[in-house]
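First, the structure itself, so that you have it in front of you.
Every chain is named by a letter (A, B, C and D) in the order it is written, and numbering of its residues begins at 1.
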Amino acid sequence: MTIPAPPTGVVPPVCTPLTPDREVDVPSLRRLVDHLTAGGVHGLFVLGSTSEAAYLTDRQRRLVVETVAGHVAGRLPVLAGAIDMTTPRVLDHVRAVTEAGADAVVVAAPFYTRTHPAEIARHYRLVAAAASVPVIAYDIPSAVHTKLPAGLVLELGADGVLAGLKDSSGDLAGFREVVTGARAHPGITAFSALTGSELVVDSALALGADGAVPGLANVDPHGYVRLHRLCRDGEWQRARAEQERLCALFRMTEVGDPARMGGSSAALGAFKAALYLRGVIDCPATAEPQVPLSPEEVERVGKHLAAAGLL
Amino acid sequence: MTIPAPPTGVVPPVCTPLTPDREVDVPSLRRLVDHLTAGGVHGLFVLGSTSEAAYLTDRQRRLVVETVAGHVAGRLPVLAGAIDMTTPRVLDHVRAVTEAGADAVVVAAPFYTRTHPAEIARHYRLVAAAASVPVIAYDIPSAVHTKLPAGLVLELGADGVLAGLKDSSGDLAGFREVVTGARAHPGITAFSALTGSELVVDSALALGADGAVPGLANVDPHGYVRLHRLCRDGEWQRARAEQERLCALFRMTEVGDPARMGGSSAALGAFKAALYLRGVIDCPATAEPQVPLSPEEVERVGKHLAAAGLL
Amino acid sequence: MTIPAPPTGVVPPVCTPLTPDREVDVPSLRRLVDHLTAGGVHGLFVLGSTSEAAYLTDRQRRLVVETVAGHVAGRLPVLAGAIDMTTPRVLDHVRAVTEAGADAVVVAAPFYTRTHPAEIARHYRLVAAAASVPVIAYDIPSAVHTKLPAGLVLELGADGVLAGLKDSSGDLAGFREVVTGARAHPGITAFSALTGSELVVDSALALGADGAVPGLANVDPHGYVRLHRLCRDGEWQRARAEQERLCALFRMTEVGDPARMGGSSAALGAFKAALYLRGVIDCPATAEPQVPLSPEEVERVGKHLAAAGLL
Amino acid sequence: MTIPAPPTGVVPPVCTPLTPDREVDVPSLRRLVDHLTAGGVHGLFVLGSTSEAAYLTDRQRRLVVETVAGHVAGRLPVLAGAIDMTTPRVLDHVRAVTEAGADAVVVAAPFYTRTHPAEIARHYRLVAAAASVPVIAYDIPSAVHTKLPAGLVLELGADGVLAGLKDSSGDLAGFREVVTGARAHPGITAFSALTGSELVVDSALALGADGAVPGLANVDPHGYVRLHRLCRDGEWQRARAEQERLCALFRMTEVGDPARMGGSSAALGAFKAALYLRGVIDCPATAEPQVPLSPEEVERVGKHLAAAGLL
């Protein structure tokens, strides 16, 4: 079969299940892929922030892509993050994930270094020139501490450098500028604008987004697929109700005590606890040095699931 | 011979010379090491920010450590950065640089992810438990976007987790808290507090720092060694004059046009242009996606060198 | 007539026309109020950021409120900003604008000082206890450098401290938490959630916002009133088209050269140039130390107006 | 007598004692001035951050300046902050404090608005043109969220706009650039570079600063005067010991629980508690909405005083 490129619809950023000693739990990862596929999702995104890409070694990253790409076997497009600090290091990851079976790569702006828009543009041009698959920009200012300017994204889209944008900036107005700009631009024929939000997917689809990459879709893929269908069908009132249900469920990410742990520990810990409680994965462990949820906090995740009818 | 551990004195963060096609230029790197050694420096720090560690592939990083450790052959201690996002990835680098000959590793707080002081502490404890060489904390908020709290550094020092601190925070008052705290702490017997500043090395040494890691020492190692000796001898007026001379020389990092390039391109481009003009390295190229200095900007670097009597 | 409190619908933040020597231009201000009223707006917000409140002296602030409140004479509710650093200074402004005729006050979190959520809560409780009119929280992190937590806003709403929220944070997901939280909260009977965005008003209204406070409504009040009516009637496709037209018009705020001026100069300069070109105000001057648009930049504002059929 | 302008030496930012109902406590303020004068300080700075200027109403601000200027009666120079968001509002304060007796004004960059270096320059030029006393720039990025570039400060110094700099940025390297730049600049004949640090006063004086404005000098003026004299006399070892003693004393600002209050509450609460415990002021209250120290926290302030021999 032919894979739609660039991807549209619900494309969950796939969690990376780990064993108690922090190795990739391959059987659990396959079950998670089955769970998402059964939920009706339209694609899979591995090695993003929700996948704990920042915590996985190169060996683990490769194993994740091979496992997922091998397991879906072409039934769904598999996007893979190539997350590293600068162009030369990103190019190594692009090669690795492509060899491992990724259909597209998702690439952030340079980080750790002090960068500049001209250097960000150069970065994407070099990556796209070397990649054998489409390149999607990953706008994630909370991680890289720069915001991709909408004008730059559109320029790179028109030049064939970027095939899409995964927007995790939280700035819906800036995202809209890309969405409407890509549609209006004579030089852009195919560009996939995906929101990374869990909480305003209905808003993003209403203003023209091509799809969503919500971390919470690991826990409730059916919900996001339903939301996407309602939006596509113009059923905005029902879409809003479904989105509000998912917003309530998302509050599971607040059970982790902020005095004891950071935001990644709390959010990824909650998603994995939920997948564990739902029987999808064997162990809720997150990678080091993240702080695990306490038993009481896991219990509160369970209450969120129960309230949503997911347990 | 026995290497002092932890290191003291002038420990330049060694630039990584590149060929025009951005491979590590091994002969130039050896010449640079000879240039620094001839300048009288007390140690070498490879794979830090000034070394463009963020831009080097794993293969290139390993080659840098092997080249430098092999070339100094125990005459000087070699510290190596193990720069990556989180504990599991840092541990891979710690293993690699230790096998390649590093005498100590320099490790930053987690970045890219949303972290927390408790997770930073856990990170350093896990790294130190796995490392076979001393671990020095790298406080570099401009890169990792968190500041290492002085209290945490001291706690980890007292617990034998950290053997020192390389402070590139620009916050001299916070650095002083570590310096005086380490001296006063009954549980800390050996701790090396190194400033990463080029511009207030005299101030840092005056308040008790053990040494300095100034990027500009690539260009003028004799100057920083002289400055260090003057401070050690309590010749504060002459030290201040030497420091002011080096501050003037440092303005070479301002020749790069900020409308055209970021701060790393400008600073590293200037250091490498200076080393090229002084005949130490064969090519002033910086790694991608950094923007090169223009010929006019390189000429202005040359004027700074000439004014300092270095050309 | 009875004024709806808290306000809903389109509530423009009214520009403050100035004379060439930077005094409040009272006749122009009255004409601007007439222009907005003729456009069908549902309320007026004076002394916000778009009103250059940060640039007006206390005397000028009072004159603005007296002029606007006197001119609308109860036909529309008049909200007034009480913008200052901390509680005691804000209380002085609350008294002044209330005496001058404001129907409600809009109050930001403390700024300039290093603050804390507990102090922000205390601030609002003290202001509300002293105010004789409803208090609306102004969430504007770009100015005050803290974000109002949704939970705090809801807590203060339930306690009768806050009558509403003007959200200029750009964080639509956080705004949604307030909107749905206020609706669901048994203790909150009347709470007005207003978006400060120009660019995602349709999204905000679709998820339940009570109204909008768009600076661009100074220039095109009819457009925003039309947009609001389309949203209220569930005409989402037509609303989106109207919103996209207004987004294109908003690009007038980008004509000011960022190498020469800050964001306030560019945005407020464009709004005032547009009002001047449309014949509503006599002089496009902005307050000191803002940098004026060049004649060429004003000409480009005119082209945006012409493209929108507003000239 | 003639007042040295611009000022040098130890110039404490004078706390503003308040009564239990948060009015300016004039008798306590006079006693505090006597306490500082007896300590041998060289000038007084009122209405800075340590004075809680951000929390005082215009009426209270005027009363503070009148009280202090009246009480010192020309024996010492009195600098006054003119802290507000933009030029027109700052000009009102400049007039008020000058009429009330200030010998110089201290002015920050614009804040709350989105500003630009060109606008900051314009701001200072307009303020200086209107002021009848010397203008000193207040570099306080933690409050105004922009850093004054050293080059801009020197340019304004050479043009006679600025008579000095009060540097509360914590960036000693940037401060050094101003200090050495002002000395070297042919167009600058008198320029007073003052550090706002409590913790690296010895370092700042060693590199050429003209004086210091340490908040902790409210508590221990004798200590800072001694430190200044030792530095002036080149007694660097003894200066360092005195500075380290004051650093230890400064840790009183850490007794306030950061889970319960912000940094201003903790630091100003500690200074005022210390002045109260030392019998200088009648009431340790800080202005609203700051959170007061608990009795246990006040007790810990007392222990810091006792350890320093100040109780």
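By our rule, contacts are C-beta pairs under 8 Å (C-beta built on N, C-alpha and C of every residue); 3 or more make two chains touch, one makes a residue touch a chain.
Source: prediction; values computed, not measured.
Steps from chain B to chain D, taking the shortest chain of touch contacts, total 1. Ranking every chain by how far its Cα centroid lies from the centroid of chain C, the top place goes to B. Measuring from the averaged C-alpha position of chain B to that of chain C gives a distance of 49 Å. Rounded to a whole number, the gap between the C-alpha centres of chain A and chain C is 35 angstrom.
Shared contact sites, meaning residues of chain B that touch two or more other chains, are absent.
Contacts between chains close into a ring here, every chain touching precisely two others. Two chains count as a pair here when they touch; such pairs are A-B, A-C, B-D, C-D.
Within the complex formed with chain C, the chain A residues making contact are 170-173, 176-177, 180, 197-200, 202-203, 206-208, 234, 236-237, 240, 243-244, 247.
Those residues of chain D that touch chain C in the complex are listed here as 22, 49, 54-58, 60, 83, 85-89, 91-92, 110-116, 118-120, 122-123, 126, 142-145, 260-265, 287-291.
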